[in-house]
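Next up: the structures, one after another.
In the two complexes that follow, chain A is the common piece, with chain B as its partner first and chain C second.
What follows is the complex of A and B.
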């Protein structure tokens, strides 16, 4: 079995998260941390990026490490306000990874939308809600087994797909050409709006290339997403109470 | 002269000398200027209200900022017992960190074109060549609200909590017009880089200043940026009369000072952005043109830019003593029903002009017309954009006002 090695880190990771999820009786965090570290070490065998520039590698490990740590703390923290803050830190770390992979606009937009607006709204709601209640059910995970198994099945599927695809480092056939944001697959190539990628190397990941790719290669997807958002907006307005019925 | 300075350092350190010099200059000048801006603000308010203002420490009260700093540093730094200590200490740090970080992409002088590291030119910007300058500033600015939210929540005080809730709603709302107001600029200049937008204006001369093409965007940007900085017409999060001090009620000594340092740094950043994006940066007719290279031209260019920035700061400070604070629903109404539609119309106008290849100066009358139309709609409609309190008796056919 070629991909059997993937099972070890996924199972170990599941064990760590399952152990760390908040329970009625507090458990040892150190044990969970050790299992989680073992899972990451097991994963490194398959997904370790090729070592290159020492600064870039250092940044990569800094951002990815803080992303994983903050994400774990986000789902295992008992205090919802802290959980929201850890989520913000996760977003920032992931944005750092985007930046390392020459996607500055994606990084800035994610910070503005997620860290700047959505997490702030979460915090807003959490602070307004009663979070000082000391009821037992507020301090433990509701369905720890189901939730953690489901999420790790999804993570396993994602890792499997990534391993099969091989990334743009050469294993796959559809390699991103110069000036392209990602590899364009065959169906997008057939798109009549597609334009040849820019040959200017400094433009890789710039807004010009990103915009051109979005509005030519992925035009239908962008239009579809826009329509879905419009429908959602109309739905929100329809659901909201009329002024005559009294608003907030 | 700069070459000599660079050559003092060992070979591997040389590319870092000028950036570090720029950082040191920006940080120190900012810190010094912030304290004197507070004095300026107090003097201006005194002048506008026919008072004397601070005049005891030093001649004309010029040493007052030093006395204030000494007080803030030596005062007891109280951390109340009922607060969440980690977040309470973290909050002022986040405020200062984010506002200073935003300054990294703001040019403070004539940025040399084709700047390469190690060619001995002073960069006049901390991080040159950022393609997404404006977006970067907005991204960092959207993080600044964490300082306020965390400070208010960690204080465990009802007034602070109210202040931070107001701040979060306000900042999230005003980010939208702030971002949309510069979309038109980006389309006209085909770039989001602050340096590039400045260079484009300078090369076209006085008529190239973006204020002639985007007057509406300038107004929207200025208002939204003031709201992001929580300056007075928009300082509902602080709101001394209702909320004592809002989110910083529980803070004292230098932690409180850090919040104010962040606020004034934010004001400086806004002023730099307004003068660079809309008023031509360091360009001024005859004395600082793109072609002028007489002795000391660089100094004159820096002086021109700083003068523009100073003028904007004075306008911001005078606004504080001119316009009363908004009510919360008026604040939200202004953003969602006033600024955001206007910013959208502005983007639409730029699109029309670009699409039909009209002369870009058409944007000036079109923007003014959009502004006047919006004003007419707001004043002539029976329901101005700021929602009126509901009349008490409606079914009798005439309005009975509560006041």
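What follows is the complex of A and C.
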């Protein structure tokens, strides 16, 4: 069976997540942690071969492992404050992966927007709203069997598609193919400010290349995003409760 | 960068997406549901930047910036909605909002509908329109 190796990490991961999901009666977390680590190791052996560069591989395993670990702890923690903090750790790990993808500006922006703004405001709301520390709705998961089975079937389908795609088995060549999925249209080619695909890969995340692409090819989209931000701000102010309606 | 590194990143992105999906489906806390959607967006952003590096063009990162923008909008709106909902029911439990129907209207499928739980205080649940503009002058008092 050609794709049989895919079943081991998926089934082990499902078992770990299903074991760790919050229940009315708490379970031992050590067993779930052991199963989860076994799933990650099986996944590494099957799907995540080292690329050859030892520093890059080490950083990739570090960041991706901490991202997956923190995400697992976030969705299984019974305390919502800790869950939000685990989400902040996930964000930091993903920003490390962004750095590996030569996106330093994006990494800094994501840290500022997520860890600096979103997580902190959500933490404020959790702390304002939950004066009673133990809310029983945090201690029981909704339909844990159905939800975890469905999500892991989807994950298995994604991994299967990746495997069938061919690169994981080492069939894909190492040459980067420019514009394989998206062809550059004529109007973008005629735009003299448009940045041609850079051959220097360390440069693609720099402010210069990113800014040229943003404000030439995607100028209308930038305007549209600004409008969406403005509308969302107005909507949030309109929806949020007034002081005259009482505070929390 | 070899292609194996690309696929490793795609695998990590898929795992983050699946974990966010589990969190979205199983948690009952309103705030954690919103944070789980942000986790799914992280997985997608990881895919986008990996493809951008693989193809050597900035389009993946530009798209991730737009994802970031929409995520910020979504977080702001979700936060104000959660505050409003919390003020009505004094709880972050999403199950309290399973029924959005109005009580004085008949149910669409009358007959086998389960009996609905009464809200805590019916006066709190009524929507309040924000007074906007200026009140028109009453001609009766002016005359």
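Structural remarks
Rule of thumb we're sticking to: the second predicted complex is superposed on the first by the 151 of 248 C-alpha atoms of A that agree within 3 Å, B and C clash if a C-alpha of one lies under 4 Å from a C-alpha of the other, contacts with A are read in each partner's own complex, and residues count from 1 in each chain.
The definition used in the following text is that a residue touches a chain if its C-beta (ideal position, glycine included) is under 8 Å from a C-beta of that chain, and two chains touch if they have at least 3 such contacts.
Predicted, not measured: the structure shown is a model, and the values here were computed from it.
Of the two partner chains placed around the shared chain by superposition, chain B and chain C are both touched by A:117.
In the superposition on chain A, contact of A:207 is made with chain B only, not with chain C.
Of the two partner chains, chain B and chain C are each touched by A:109. Contact with neither chain B nor chain C is seen for A:35 once the two complexes are overlaid on the shared chain. Contact comparison for chain A: of chain B and chain C, C touches the greater number of residues.
Contacts of A:228 after superposition: chain C is touched, whereas chain B is not reached. Of the two partner chains, chain C is the only one touched by A:74; chain B is not. By the touch criterion stated above, A:20 is placed in contact with neither chain B nor chain C.
Looking at chain A, you'll find residues 105, 109, 117, 121 touch chain B in one structure and chain C in the other.
Note for the complex: chain B touches chain A at residues 130-132, 135-136, 138-140, 142-143, 145-146, 149-150, 153, 161, 164-165, 168-169, 171-172, 175, 179, 192. Of all residues in chain A, only 13, 17, 21, 43, 47-49, 51-52, 56, 60, 64, 67-68, 71-72, 74-75, 80, 83-84, 87, 90-91, 94, 97-98, 101-103, 105-106, 109-110, 113-114, 117-118, 121-122, 125-126, 129-130, 135, 137-138, 140-144, 146-148, 150-152, 154-155, 158-159, 162, 165, 167-168, 170, 172-174, 176-182, 195, 197-199, 201, 204-205, 209-210, 213-214, 217-218, 221, 225, 228-229, 231-233, 235-242, 245-246, 248 touch chain C in the complex they form.
The touching residues of chain C, counted against chain A in their complex, run 1-12, 14-23, 25-29, 31-32, 34-36, 38-39, 42, 45-46, 49-59, 61-62, 64-66, 68-77, 79-84, 86-87, 91-95, 128, 130. Partner chain B is touched in their complex by these residues of chain A: 81, 85, 88, 104-105, 107-109, 111-112, 115-117, 120-121, 123-124, 127-128, 206-207.
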